[in-house]
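One chain, subunit A, appears in both complexes that follow, with subunit B as partner in the first and subunit C in the second.
== the complex of A and B ==
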């Protein structure tokens, strides 16, 4: 009897073997998905504007690998040059707030990166492969907390208040005494 | 009989492994021969000690025929004295061996990491999964960046400054030097003097991700004149394409996704995150030792880098066959 309970207890352990899929090589490689997005809620004739998305965005938003790659590419492709390293905004608009000029959905962000937008945002179509555009868009969504927190990338090193441990100079030895270092009053 | 022949053949094969271009026993610098000498000394001495202990254990277990066991209750001063001598001398011998080996290792450390003058300073930065190589010079117009292939002059002390841009890597060229880690935010220094010309292969020696095994580096040791000629060639900007195919290649390279990451000095391509391709055609290998340099391999690598190095940061990109042809012809011509 107890053995059966043990076996039952082991079943959830097996579920932990499920690991997130990492897709290193986008498939299909070079083709662009077709996303029909609306930039306004208005549409002539009184109907809702037509929106048709491929659904690819969900795979990217919930995948920690794609999000962390997006974070890396955000620096590499110099998105940080205009939107600031943390996405706080500089000569480009901030990406960490909840104001979206051209829409908040991942498909709208993908279209923004592909097409470019007026007043400075260049078009990256043909310069950045489409899967990397999706990774970037997913990371942009993560900046304002729009992706699952277990998939979102960690905070960047440069945002820590001090330099990381490996970059600090070697600390001087602490002289002996009656009071242990942990018990000393702050200087 | 057949088994014995097979064994002998196997031993021959093992011996043939002692030559080759990535081998710490086939040394080409004073540092690595010092390490190799220590390795051999330790191996021989410790094997001898191990064999002596094994013989002693077997002799003791067998005992001598006709000899009675010592009765622990009788007092025999002679037996106690003899046992004391044996144990005492063995303890002393152990101490001597440990002290001598420690001393030799310490002397080796002093020699390997002692201060020395250097003629060439090379900054090597580990990336996932390639090596960025920057030759530093007082005159900034004579500093330049290349990747995955280091040239050094024979007989001149060279200083490698090791760093990493992402995870911990380890720089190891067995024929020239011991390994040293490349750590983000730290600068580790490694000094090497090659004693004879040759091409020595190195390898990342700290697991750094999917393509750790395909993170090779090549060190080419050559005479001072050859080195100077090579360095002047590398400092120069990329040569202008001479025919239409290569001109198209340059245009496609600079206008397409390649230029987002790669630099070719003297053109509009100025990406800073992937290997510098200014003189890529002059290198012996591409993709950090994964493929020999040739036009066909360049095209294969551009078409689908992930089938050669799965997980590599170079993406599969959209290129027409004509563009691919032109780009690989252009890159191959960048000597």
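== the complex of A and C ==
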């Protein structure tokens, strides 16, 4: 009898644990999720571009563990050196603002990290396991306040240049960003 | 009463005598650039530093203190790129040559025609990937001329020689590898039939070097690394450094943890000088990598210092280290101004160097001995330089530590004075220095070496120094070892300086003011507001019409102006390696630009 009560009591406790699902075994480095993304809002025929995403991104964005891992990896893989420890930008563009050259969705950011971008963003494919790329991308989303605040990192280990990711104002993404150098240079 | 009066008179007389004595002593001890390194004025400006002595002084004197207020725009030219314009317009055979930031297009402007129309352009088509490994904007510090050709370095690590008449490429030699984080931003020096160039990338753990290329063919004549074994550094029998700390075998290996010298920095992205009489080439070496000093115990030879080398063989003659075991990114790449002067009664050939660590050094350029090192910037990180050992004396309280923020370190990472070259006036004996007035908070964090990504290991934020202004333009009395006058500027002064025989000195501010000041007093004589902040190098020349012109390229950027050039987010004080924290308001006063301005009297 009391055993049954105990079991019943355990149900909600276990359910609460569901929130933090972790995959302890990382994907092998070569495997890669397939997401169909576009880099523009235009598509001939006046329609939205054809995209198809697996939904995997949401699992990462909503998960505090993945976000805090992403924050650690952001420094580990020297993203911080090019985008600044606080993400305000340096060699590469700021990641805490609302302007996105190559798209602000987690799938687009995954592509940015995997494939690199022509004006100086390295391609990390084959150097970083795929699930860590997703963690990084989720963390990048948190830098502009675009993940649930209860999952975002709440403190910085180093210099505190601004509010923690969990207290960042949401910056709704705007496609565009800086003028690429090709557009500035005389032809 | 009477007696007191006499005493007063006597004092006044003595004072007068004293003053007269001082004036006489000063007149006789005005340093002069060695004639072989600073030939007579020909009205041209063939290299960014003007001459081998790097004085940036022109004997042209049509523009004077009493008429400079009449300066007007003669013509302008769009550089086509809205990024930091650190370059110097050079003038040869009635043609002006200007190089833009990446994509590094070289333009030739015909000064004999109204409006100086474009004669030709040369596009080196550099690799865009270089943009990811250029630490501090897409800058280029200038082209240089020799024997009918223009020479310059491209951001992606090539050196090119271009026919000055036609714009045809004579040769192109690839020296740097962007995949390892190497770029090139410096202005080459041409001497003895050779092109002397060095790499950038001290923030990427590259191994610094200087190379000499054959001026005719672009073939490599020699290459000297600034870290590693003596044979790579070109240290041999000729090497006679002045101080004990630089004597010994393979110090470029032994003063580092095992193999750390391979990612040790010591790049050559700044200024070179050449003394034809002594046949010595002088070049500085950049900061050691990573910035986190706890990861590289030791003196970290041969970073953050200055080498004298034989230009033919590259063999080192002497070395002096301004900042042994650098703690704060204090590259030793600033200009080396070569002068001859009386020092404590003796004739000395000196090298004057306003240094990032906040001291103005006077070195004997024959031996490498430090004759004087006087501070020109508020200091908390260091207390002085021991002239017996040559050692920089640190304040232990300000030593960076892992995971701890050390506050109020002065000067900052870009130093008391960064690359922005000063000018020396033969008439006043003063060195005119663009520089900063800033302090910073610094925290060491662990740095991971991944080739082609930053190797820094520090988080920092800079701020205004005592007084609240962030920059200054200072006239330094070299013989008197003191400040002659100083102009406070709200923003760091990141432009170069130009001195002229008309007793007018030029520089630009990050707000976009191009200023002319009195060489003797610093009085503001004229200013003109350009379209963007100025970080370029002013030059002057005699036009085909016989009149004097002054040129400057406006366009904010560089490390100091990255906040505008790179559209950085001012909410993050660590942006642009902490520079943004000090210059958040730059976005409120200027926008991106890239325009050449040339001025003349009506």
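Going forward, the second predicted complex is superposed on the first by the 135 of 187 C-alpha atoms of A that agree within 3 Å, B and C clash if a C-alpha of one lies under 4 Å from a C-alpha of the other, contacts with A are read in each partner's own complex, and residues count from 1 in each chain.
The definition used in the following text is that a residue touches a chain if its C-beta (ideal position, glycine included) is under 8 Å from a C-beta of that chain, and two chains touch if they have at least 3 such contacts.
Since this is a predicted model, take the numbers as computed values, not measurements.
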Would you sort A:122 into first (subunit B), second (subunit C), both or neither based on which partner it touches? second
Quick check on the superposed pair: does A:131 touch subunit B, subunit C, both, or neither? Answer first, second, both or neither. first
Just subunit B (first), just subunit C (second), both, or neither: which does A:97 touch? second
Between subunit B (first) and subunit C (second), which does A:162 come into contact with in this model arrangement: first, second, both, or neither? second
With both complexes superposed on chain A, which partner does A:44 reach: first (subunit B), second (subunit C), both or neither? neither
Touching A:55, do we find subunit B (first), subunit C (second), both, or neither? neither
Which partner, once the models are overlaid, touches more of subunit A's residues, subunit C or subunit B? C
Just to be sure I read the superposition right, which of the two partners does A:82 touch: subunit B = first, subunit C = second, or both, or neither? second
Which residues of subunit A are in contact with subunit B in one complex and with subunit C in the other? 76-77, 127
Across the complex, what residues on subunit A touch subunit C? 75-78, 80-82, 84-94, 96-97, 99, 118-122, 127, 157-159, 161-162, 178-179, 181, 184-186
Subunit B touches which residues of subunit A in the complex? 22, 24-26, 29-31, 76-77, 126-129, 131-132, 163-164, 166-167
Touching residues on subunit B, where the partner in the complex is subunit A: 183-186, 210, 255-257, 259-261, 273, 304, 306-307, 310-312, 315-319
Write out the stretch or stretches of subunit C touching subunit A in their complex. 80-83, 102-103, 105, 121, 128-135, 138, 203, 403, 405, 441, 443, 445, 448, 450, 452-456, 459-461, 562, 566-577, 580-581
